[in-house]
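The chains carry the letters A, B, C and D, assigned in the order they are written, with residues numbered from 1 in each.
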Amino acid sequence: MECSTSYGIFLCLAASSNITTSGKDKSISTPEDYILVNMDGSLVLPSNLKPSAETLIHTSIYQRIPNCQAVFHVHMIPNNLISELYADQGKVTFMNHEIIKAFYIWKEGASITIPIVENYSSISKLAEEISKVIKPEVPGVLIRNHGIYAWGDSDFTAKRHLEAFEFLFEYQINMYFLKKFK
Amino acid sequence: MECSTSYGIFLCLAASSNITTSGKDKSISTPEDYILVNMDGSLVLPSNLKPSAETLIHTSIYQRIPNCQAVFHVHMIPNNLISELYADQGKVTFMNHEIIKAFYIWKEGASITIPIVENYSSISKLAEEISKVIKPEVPGVLIRNHGIYAWGDSDFTAKRHLEAFEFLFEYQINMYFLKKFK
Amino acid sequence: MECSTSYGIFLCLAASSNITTSGKDKSISTPEDYILVNMDGSLVLPSNLKPSAETLIHTSIYQRIPNCQAVFHVHMIPNNLISELYADQGKVTFMNHEIIKAFYIWKEGASITIPIVENYSSISKLAEEISKVIKPEVPGVLIRNHGIYAWGDSDFTAKRHLEAFEFLFEYQINMYFLKKFK
Amino acid sequence: MECSTSYGIFLCLAASSNITTSGKDKSISTPEDYILVNMDGSLVLPSNLKPSAETLIHTSIYQRIPNCQAVFHVHMIPNNLISELYADQGKVTFMNHEIIKAFYIWKEGASITIPIVENYSSISKLAEEISKVIKPEVPGVLIRNHGIYAWGDSDFTAKRHLEAFEFLFEYQINMYFLKKFK
């Protein structure tokens, strides 16, 4: 896997084999920010760098989802708010939104349900729980007060999915209030 | 018609005859993102590209509105929220705003009413409904939880109309709450 | 007076004598966007361009405020919301904010009160009302659902005043809700 | 100490000895915006420039916190709102957030409590109060309706702490409402 990062974004591409190192300023991306890992998260070559603590989550998504070629992980305030508001249900459903077509769901009255998992401090436990709830037809998962993982069969598709989810989250936070006072 | 797009924006100019192709990253605009279409949405020349699914909405606006030279289509959270909040009335009215002058409406106590249509999954049905409710004096229409179409007699005018509508939507969402607690 | 504009911003400097013309895309600023005017808003030289409709408001501020060297006028959602929420009182007061020092008011428990005028459609009436309520010690005035005029003894000072007002407006809109639910 | 500023940001680095001068446009940073100061805030060399009024706050943080190498001070709307909302308690606590790891706190169910001090108009009084409440394990302090000071053992660390605090503040303001209507 190859991973590149910019500030607040963590991206892994299946096509190559690098994982960004941990504890660096992600607003600056240089070759030294990359590292080669195997699908179990171990280093391909000896290195003084250590892969991101969440490498295992990326690899478990690649293993669970057929044709996954890129995984994004971002921490945004809207995705954190939604993950907390709907944590008790373990999921949140969006329907009657044009933007659902961004997930290649085109039927009338379409809906999409994204799962939410607790933010276990053990990464292997977290990776395992994520692996249990994700499904090929929904390209994302929320971790409570932690962020979203979104993926696709290309980096462009993964980015489109991520943007569509963030749009739905921000809409929902606003509508949550507005509907109360309608 | 000629159309150029940037991410989240879909623009068609009457002066030429291109429509952006569907399913491409709209943050990168190259000549291959353009395609020639007739006013019925059919291709002028054979091509492997396919025009945007919503080409027919653009063409129906050009046919209905005299002197229309540019049509923008954007998906923004404020326009989606407003389209949902006022969907039952099929329209939303703004008054006592200086920004209404952006629509060349200068009289004291001026108001502007933008129509809202349901988001039919059939584009031809959607184009037909839009054609029924739009009027030359109001350069825009909202589609429920989908986005806005805004137009003008030049690209600059269309952009000014779009920005004025978005300003009114964002103001209204905020004032919706504020007035409740006044 | 010399005026330069960028989109949504209208600036006049006393040091020279230009006013931006009306009806142009203010995101592009070229010499043709400038026009020479006298303090009564009339043209210094014959021109096909016409000065902004609100030139008289700028000139009346220069006449009323000693040492005024730059006047900004912007339309922002927070200033529009505040102007509507406090229109009945004809003013809004802010106190206990560090940012009040941006107005060179340094005393303990300082406050600043900005006047709000109705948005008369007659510019000469509007200029007259503004002239009545503005004072040298408060470098700004709100027009209901229209925008703010802010000024200073240099362009930098005028910009600092504008930014401080906008900070206070945005804070106040948020606190308006938060205090209700405390 | 060396300090550089950009608009709305005030930064001091222990490695050298400059403090930005007061009353300048902080969006433009040139060598003339720097000034050499001793740890008591006095000038190292005679100068026509005067150090920022809040230099003493920076120096008191350097004296209180071991290994502090950079101190940021910013005025943001979310940090102002949080400082007012929780002023009565003199502190605000955040827990169950992944972003708390940005403070190198990795344990399950981790929390962080940032102190809030009143905005005394006397800078020496303010510096003294800050000195009383800050602790090495929490790299920040809020001043009521004034802003945040955040620091770290490098400029990158200080920036990461600042961003993590701002994330928590913005989240909390939103959740404050959302929880009321759950």
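Please note the rule applied: a contact is a pair of C-beta atoms (placed from the backbone, for glycine too) under 8 Å apart; a residue touches a chain by one contact, two chains touch by 3 or more.
On a predicted model such as this, the values are computed, not experimentally measured, just so you know.
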Joint neighbours (chain A and chain D) are none
Most remote chain w.r.t. Chain B, using mean C-alpha positions, is D
Taking shared numbers over all numbers used, above half giving same and below half different, the chain C and chain D interface sides are different
Cα superposition of chain B onto its copy chain C, rotation angle rounded to the nearest 5 degrees, comes out at 90
Expressed in whole Å, how far the mean CA point of chain C lies from that of chain D is 32
Between chain A and chain C, the Cα-mean centres are separated in Å by 45
Chain D residues touching 2+ other chains are 177
Listed by label, touching pairs are A-B, A-D, B-C, C-D
Touching chain C in the complex, chain D uses residues 25, 75, 77, 80-81, 84-85, 119, 121, 143-147, 173, 176-177, 180
Seen from chain B, its contact residues with chain C in the complex are 96-99, 106-108, 156, 159-160, 167, 170-171, 174-175, 177-178, 181-182
